[in-house]
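Just so it is clear, A, B, C, D, E, F, G, H, I and J label the chains in written order, and each chain counts residues from 1 on its own.
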Amino acid sequence: MENEPTKNDLEIVPNEYEETDYEVNVSIPEFNCICPRTGLPDFATIKINYIPNKYIVELKSLKLYIVKFRNMGIFHESATNKIFKDFQKSCNPKQIEVIGEFGARGGISTIVKVNSK
Amino acid sequence: MENEPTKNDLEIVPNEYEETDYEVNVSIPEFNCICPRTGLPDFATIKINYIPNKYIVELKSLKLYIVKFRNMGIFHESATNKIFKDFQKSCNPKQIEVIGEFGARGGISTIVKVNSK
Amino acid sequence: MENEPTKNDLEIVPNEYEETDYEVNVSIPEFNCICPRTGLPDFATIKINYIPNKYIVELKSLKLYIVKFRNMGIFHESATNKIFKDFQKSCNPKQIEVIGEFGARGGISTIVKVNSK
Amino acid sequence: MENEPTKNDLEIVPNEYEETDYEVNVSIPEFNCICPRTGLPDFATIKINYIPNKYIVELKSLKLYIVKFRNMGIFHESATNKIFKDFQKSCNPKQIEVIGEFGARGGISTIVKVNSK
Amino acid sequence: MENEPTKNDLEIVPNEYEETDYEVNVSIPEFNCICPRTGLPDFATIKINYIPNKYIVELKSLKLYIVKFRNMGIFHESATNKIFKDFQKSCNPKQIEVIGEFGARGGISTIVKVNSK
Amino acid sequence: MENEPTKNDLEIVPNEYEETDYEVNVSIPEFNCICPRTGLPDFATIKINYIPNKYIVELKSLKLYIVKFRNMGIFHESATNKIFKDFQKSCNPKQIEVIGEFGARGGISTIVKVNSK
Amino acid sequence: MENEPTKNDLEIVPNEYEETDYEVNVSIPEFNCICPRTGLPDFATIKINYIPNKYIVELKSLKLYIVKFRNMGIFHESATNKIFKDFQKSCNPKQIEVIGEFGARGGISTIVKVNSK
Amino acid sequence: MENEPTKNDLEIVPNEYEETDYEVNVSIPEFNCICPRTGLPDFATIKINYIPNKYIVELKSLKLYIVKFRNMGIFHESATNKIFKDFQKSCNPKQIEVIGEFGARGGISTIVKVNSK
Amino acid sequence: MENEPTKNDLEIVPNEYEETDYEVNVSIPEFNCICPRTGLPDFATIKINYIPNKYIVELKSLKLYIVKFRNMGIFHESATNKIFKDFQKSCNPKQIEVIGEFGARGGISTIVKVNSK
Amino acid sequence: MENEPTKNDLEIVPNEYEETDYEVNVSIPEFNCICPRTGLPDFATIKINYIPNKYIVELKSLKLYIVKFRNMGIFHESATNKIFKDFQKSCNPKQIEVIGEFGARGGISTIVKVNSK
């Protein structure tokens, strides 16, 4: 339990360009979690697009946060929504979108997109 | 007859993130039905993009629903519209789009797009 | 003369889903006509995107209509506009766009786009 | 049973260019059969490359032969080997290769290649 | 001097479909001019997108007009703007966009886009 | 009849580099003929790869030769073999290969390859 | 320890076409193991190409065998060689090649190829 | 210190087409700087899209300005924002967007986008 | 006349690694010459692959040599063979291949390949 | 001087699979050095393909070795040959190939390939 990813895993650093609205696109092709039904691993690419407010998220901590999902049983929709919420709570961006592109299961592939508006 | 796909084939599960408007994109490259004129099989990729309301559609049941089309005589326009309606009735999404991309026949390929607005 | 394509070559069938606004995209990569200046054949891909009203155009008849252009002397702009008008008159769609993508001549390739708005 | 594909479904026509060794490559992206374990449909692209001898296989009959596999329970290796043998018996080509490229199952995709040497 | 391209090189022909607003996209991948600084040739693809008014530009004359740039010393911005102005003066289109995509120089590639609005 | 393509349509010019064995690859994406069964046009890309001997084939005449096929009823295998033989007789190359890549019919696409060895 | 993948995890089934030499290409894009230095997960695509002898490897068991690597600390070269050896011992193929394509680390990506000759 | 890139490195030349609003897209795939944490080089493609006002930036000076980053310790966000500000101060464009596409680090790739609105 | 490209335009420098057989591949996408029949410019990509002997060709001089072709009337076969011979005479490589990939004329594109064996 | 890359920068580790001939392909897209003529940076992708003997090269040390080139003045041919020799001396592989793919300069791009045979 104590090993699960939480918003506290995401280290934040002050945004030096807070006065400008600029966008950061982060792409993480090596996401891994466990399907709660089959117990088999699910692979995905996670994309996070955000407009920083007072803070940006440090990339090394983001990587370690993402790695913590790999032995966690979680559905596609939940994983994407959880990353969205953790990221939002940690650095409170002006805008944010999280996209989870999951590999095919039974010939069906799924993309989940959550964004603040 | 009793073997034809109906909205009841689509199992629904509660949407845990009902308060957020998020999008789910499902892509099914292995759709198969029968051309009512020639009796020959038609191949398509079906794409379903929706914003869940109170329910999401369970993927395994969606797969079995799709498989039921393979021995059914149905036109391109009808197949796409039927999936649209069955999906809508089953989980009543906030928004939905169904796209059927059909393989070429006589050198002509066809895409049918239905969406709620 | 009597062999030229006309709107009457396009067979129409009732649209079973008239109450929904859905889009049909038809792609015909094997269009052929004659350049009125050089007498040499011109090759194109014709794309027809429309929102059906009371009728949809039957694909087999569309194919035979398109084949009739192959010995007809006609300019790029005229061929695309003629298909647009014939299609419009035959099934009176809610919206329609016709795109002709013509192969390079003298190192210059041309696309013609006509749409109802 | 009587509905299963056999070599007799493949119509042959005399090869007018028997004296030249030329190659014919046929690609059939719309192959469908049934997985004997799960009962679910398997999708594949079948490629047949051969050097005709006294006969070539007529394409329309090849298509109908291929369509007969769609309700037949058969493994990937068996389907590819069966097509190889039926084709060989029907037109006795100088050389032949059959390739079956099957869609992913459980995240694993398979290609089977059989050839005469 | 008398060999430089001018608007008079562009032959115009009446637009038979003046009443419809349709778009013509012309792509010319073989543009060549001389860099005024180095004296070396610059290569580009020129794209012209316009909505014809009373006239369309004849393609053969457009080709010869373009060829006249090949020994002319002219900067990227100027070449694209000159084509824009010459085209506008010659056929007075309802709308026009000219795009010059120039090959890399010193590892930097440049695109210039001019349009009427 | 007198309008059918023959080897005499292919103009030859002396090969200035006869002493070197060099290869010429010609690609003609706009081939058109008539299917003898359906009467409908067939589209193909024709590729000719040869090592010239005393003569090379002039490209303009090759184009006009190819255009002559467009109203001729001929099978895929025959068209490719005929071009092979006509080319061989006209310029007697050291080596030659002719490839005909035909568009899909009934979901099956065909490539025919003939070469001298 | 007892959880590590071994050759016994690979189920074999009799090869019905033992008399023909045919090739099977298996592609597994979702391989995962642990880097022994950093403790972080490594992602790879594993490709197995083999000519079956008396047995073929059953795909479901292959998948479960592959999944067992995901919490195992192992280097790129060792993982690929281990799969090669386990596969060889389990079904003793006439020929076999195993390719491990590993994702970039520090901007360097690595491919390991082992084959029997 | 005196070697660091500044807005004064960017030479400007008068914009001859000031009266027209046209866009210039510059793409620089060979950007290099130093990661302040690891001391290792970071690689990026920098894209600058702007609508010139009274001046355009001379490309040779832009190249030399960009080269000055290669031994400078600077974060992704800072590098992109600095180029944005230097460019803005130097030629005061009507509109400007700067995009930095950075190569993957630890399997995560980052894009930073700054624009004036 | 004195302006035509000759082997003397190709500057050579000593090959420091003469004892190793290594290959150099040079690709020049911006070749330009004049068609002797139509007087219009022809565009090509020239590729030179060689194994240096005692000398390598300096790239700046190669570029200037290539530029000299742009106002010269010369056929595709001749241009490729001339570059082959000039390069061979200038640096006498252990092996050399020259490939000229010419843009489409009348819908036909041509590649000429010359190599020493 | 003492900062230049040497074979001693390449750490080696024992090859556990010395008895099998297997291939390792390493791809390094972020190579950087200085052009000795212009003083400007040159960018390349370096590919190293080798069959290990008693040792393999450790990747982290390879990365640091490669980074040392970035402020070194060296020609394309020399850089590729130097890496080839350093690698060969450090781990004495059974076979090795080094490929340097350098970015375009003056519109000409160069690939250098060295291999042991």
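Here is the rule we use: a contact is a pair of C-beta atoms (placed from the backbone, for glycine too) under 8 Å apart; a residue touches a chain by one contact, two chains touch by 3 or more.
From a predicted model like this one, the values you see are computed outputs, not experimental measurements.
Listed by label, the chains that touch chain H and also chain I are E, J.
Equivalent interface to E-I within the set F-I, A-G or B-F: A-G (over half of contact pairs identical by residue number). A separation of 56 Å divides the Cα centre of chain C from that of chain J. Note: centroid distance chain E to chain J, computed from Cα atoms, is 46 Å. Distance from the chain A centre to the chain E centre is 46 Å, each centre being the mean of its Cα atoms. Counting partners per residue, chain A has 29-30, 43, 63, 103, 105, 107 as the residues that reach two or more other chains. Taken together, the chains touch in the following pairs: A-B, A-D, A-G, A-H, B-C, B-D, B-F, C-E, C-F, C-I, D-F, D-G, E-H, E-I, E-J, F-I, G-H, G-J, H-J, I-J.
For chain F in complex with chain I, the touching residues are 15-17, 20-30, 52, 56, 59-60, 62-63.
Interface of chain D with chain B (complex): residues 29-30, 32, 40-41, 43, 67, 70-71, 103.
If you check the complex, the residues on chain I that touch chain C are 43, 103-105, 107. Residues 77-78, 80-81, 84, 105-115, 117 of chain H are the ones that touch chain A when the two sit in their complex.
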